[in-house]
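What follows is a single structure, written as structure tokens, with notes after it.
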Amino acid sequence: MKQAEIRSDIAWATPEKVVIHGLDLCEDIVGKIDFGQMAFLQLFARLPDAREVRMFNAMMVILVEHGITPSSLATRMTYAGAPEAVQAAVAAGLLGLGSVFVGSLDNAARLLQESMPHPNAALDIDALARTIVDEYRARREILPGIGHPFHKPVDPRAPALFKVAQETGYDGPYIRLMTAIGKEAERKLDRALPVNVTGAMAAVASEMGIPWRICRGLAVAARAVGLVGHILEEMRQPLATALYLRTEHEATAHLVPRQEREEG
Amino acid sequence: MKQAEIRSDIAWATPEKVVIHGLDLCEDIVGKIDFGQMAFLQLFARLPDAREVRMFNAMMVILVEHGITPSSLATRMTYAGAPEAVQAAVAAGLLGLGSVFVGSLDNAARLLQESMPHPNAALDIDALARTIVDEYRARREILPGIGHPFHKPVDPRAPALFKVAQETGYDGPYIRLMTAIGKEAERKLDRALPVNVTGAMAAVASEMGIPWRICRGLAVAARAVGLVGHILEEMRQPLATALYLRTEHEATAHLVPRQEREEG
Amino acid sequence: MKQAEIRSDIAWATPEKVVIHGLDLCEDIVGKIDFGQMAFLQLFARLPDAREVRMFNAMMVILVEHGITPSSLATRMTYAGAPEAVQAAVAAGLLGLGSVFVGSLDNAARLLQESMPHPNAALDIDALARTIVDEYRARREILPGIGHPFHKPVDPRAPALFKVAQETGYDGPYIRLMTAIGKEAERKLDRALPVNVTGAMAAVASEMGIPWRICRGLAVAARAVGLVGHILEEMRQPLATALYLRTEHEATAHLVPRQEREEG
Amino acid sequence: MKQAEIRSDIAWATPEKVVIHGLDLCEDIVGKIDFGQMAFLQLFARLPDAREVRMFNAMMVILVEHGITPSSLATRMTYAGAPEAVQAAVAAGLLGLGSVFVGSLDNAARLLQESMPHPNAALDIDALARTIVDEYRARREILPGIGHPFHKPVDPRAPALFKVAQETGYDGPYIRLMTAIGKEAERKLDRALPVNVTGAMAAVASEMGIPWRICRGLAVAARAVGLVGHILEEMRQPLATALYLRTEHEATAHLVPRQEREEG
């Protein structure tokens, strides 16, 4: 059997040094670049310039913390059972970052990138938005990246992100397309459907050249940071045990014979 | 049943705004603070000053990428089976960050923090180091944070981190204790046992007031960033399938009848 | 805010007893029913009769062990890093049971169940199979449940499962449809494409009334048993550390300067 | 570099057959042995006899379903976010099976097996129990396997399991030692501390020759089956979204300004 090549270009080490994406960890990285630059380096295999890292940081910070969600509750429940395995508690919280909560980020980025693989000045972006909205309506599919059940009529995170894009020169065709999709959908469906946080992030990621397939990965990495904060709070001020006990009580109240419940 | 309080102080939201640790996400965070500051905010519930964030970033960047490890291979294997669930691939790689690879970070931080709960000028740090080394030798336990099987005689990441500590004013009693433990162990065991990367990180984390129980969490969060880089490389230049096929072939060669193998 | 109902009908307990799907754990389950019956009870909320449990067991045993796969390697890699967290090692191995390896089971079951929501004697199954194959060819999609890259021309697990189906009276319309799809695909594509193990399982699961959405769950539960076997072997006869070290060496050989490599 | 051996003895395959622990999957396993026998085969590398499989099944069925727990809630929360990744939902629920909930099983089995590595008729089991209880009291450690916060004064699952042990001839020295530890602890601490379910399982596992290090694996595999039942119920009768929304509301009530809350 001829062996397929097994090769990785990310990092290598000798006893005296560690090299990551061509940079010497001890000489060029530690004390020299920050966590945001390091995350950029890991994704793009090169260091960012000032405007790149500002835009990238804006995306990452928005993804870190979303409060009490199914994700942070899964982390806290896992920590309650296995406090010795902090890595498992973080992992449990990441596992639910799927189609329902983070999927719209991938979907919006995919929509933008597949609709406009090679942006150029000749493109009629409003016409493209009309076609996209019509196609989704014809297929009765939900358009990703617009509207929000709670942050309405406007998701304030979208304009905040677009403002940074403007300041850093990233206000290009993908942001225009995403915005046009929202406007066209509002017109056709006659209700407020502005770009939401995942739509804004998808547009910015597309402007930065981040492939849609890895967008969920950015969300996952940033959320890992956030979940550590939830573990720290759960250590000091636990809620998981109280929550599961009362949930068990309520969920089975119709099954337990009345008399035994009163005594229990 | 009286209900226990369920309370979280990390974040809250109204339709118009999101507040994290008291800061308005759209006004105070997006475009204003970077990913490293955000990670610090999530852990300490306040923003860092310049020297704090420089020290914190130095720790985080060191933890991001460790090359082809059991962790990155678990991520790549999982991605090969479930490319649609990037969150699961990251989670799989985090799950092995346990006692063997990251545990020495917790253990070293615990040793330092429990040996010196209230550092003060009157403490004889060298005497304390001698007692610690003697106790570990008496119990035939391995001292965490010193020596390295590959990076020897010196783990270059430790002096790199301590240099940043010196520049930022974090060269305090925990770093002195960790260093003294290494020297005392070298003296008693008569071989090179300088502080390694986990010992250095444990000392710096202790200087920053990070409780030992959450140190593994920092490693997990930083590594999540690194694993996204491995997924990106696996997308473009996969190795998981070739590796599992050849491993299966080799591992079962003694079981498969010779004739069938040759035909297979 | 009106509170939505939170309710679970699976199990309840008093200090004196535990009740699962209406059965008393200590009186009716322990020592009375076996692991296969218990798994059936957990899925169907009732005990199986003899033919049901024989068919169900045949599906479950086929899913337990698949040798050295990305899944078992992820488990072994995780165990190498966190031997104290056996649950994390099992979980890591389950995470890759996604679209590539187990997805064809869901997809085949979905295809069968959506093509034939209400099987009846009047249906022309061969005509239905022709339509299905034509539609997939028109969309250039891969038909799930037929053909196998290694087990060819015949996947021996499919006839083994169908034999049990025949003996237990489960050889109904879904098995006929799956078989007809394979035959039609062979005719149209002019190569061997018999029903494979996931096609056979999808057909049997459909005969048993198991919704396609939970089919992957059966595979996941059975594989959890198999992965414990891999952990046990890894405890006694480890391969993970040797495998990662040699993979790291090979994958980075092109990066490390020749001289340092020779010394290393 | 000399390559370390990479070898697995569990399974191998040719295009025509699959062999697991020396048995032909299609000839000897499918339709011939049940899920409990298969699980035994995977752990012991041989088929069980009738009494072995009855005892083994009794342990496994007890571990499958524990109702609304942190584990099943983590599974349901993950399913709510990633319904397309059932494997991730099961994995999330397994991750919390750590020191708090399942750890006492390992700990009790370890205590029994290390206290009595070679049981023989000459051993004074009551004296051994006294020594063990005294040592734990002296170290102020909690004895694993006795007492239960909810199932008191008696955990009904322990006598149920011991009854099967008696019927199958497994009522040997480890069950006597576990029982003696409970009695001695009750005498010394003057309160009801009979053997609980994990103590009973640890004793039975020890009688069966199952190493303590893998006991948690049995619990994890059995619980995977149970968690699939929770996913199935969550599909039909969801509770995760309602639970997280109301938890978020309650947990942040003290942070959200009164006026905004009323409008929200």
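Points to keep in mind about this one:
Chains: A, B, C and D, in written order; residue numbering restarts at 1 for each.
Quick note on the criterion: a contact is a pair of C-beta atoms (placed from the backbone, for glycine too) under 8 Å apart; a residue touches a chain by one contact, two chains touch by 3 or more.
Protein identities per chain, from UniProt: A, B, C, D = Citryl-CoA lyase.
These numbers come from a predicted model, not from an experiment.
The most distant chain from chain B (Citryl-CoA lyase), with centres taken as the mean of CA atoms, is C. Comparing the residue numbers each copy contributes, chain B (Citryl-CoA lyase) and chain C (Citryl-CoA lyase) share more than half of them at their mutual interface.
Inter-chain centre distance (chain B (Citryl-CoA lyase) to chain D (Citryl-CoA lyase), centres taken as mean C-alpha positions): 30 Å. Per-chain Cα centroids separate chain A (Citryl-CoA lyase) from chain D (Citryl-CoA lyase) by 35 Å. Separation between the centroids of chain A (Citryl-CoA lyase) and chain B (Citryl-CoA lyase), computed from CA atoms only, is 22 Å.
With touch defined as above, residues shared between interfaces to two or more other chains in chain D (Citryl-CoA lyase) number as follows: 6-9, 11-12, 15, 67-68, 82, 84-85, 87-88, 91-92, 95-98, 102, 239, 241, 243, 247, 251-252.
Residue ranges on chain C (Citryl-CoA lyase) touching chain B (Citryl-CoA lyase), taken from their complex, read 67-71, 73-74, 77-85, 88-89, 91-92, 95-102, 239-241, 243-244, 247-248, 251-252.
The residues of chain C (Citryl-CoA lyase) lying in touch with chain A (Citryl-CoA lyase) in their complex are 6-9, 11-12, 14-15, 19, 82, 84-85, 87-88, 91, 95, 247, 250-252, 254-257, 260, 264.
The touching residues of chain B (Citryl-CoA lyase), when paired with chain A (Citryl-CoA lyase) in their complex, are 1, 3-13, 15-18, 20, 25-27, 29-31, 33-36, 38-39, 42-43, 53-54, 56-58, 60-62, 64-68, 85-88, 90-92, 94-98, 102, 150-152, 154, 156-157, 159-161, 163-164, 167, 211, 213-214, 216-218, 220-222, 224-233, 235, 237, 239, 241-243, 245-246, 249.
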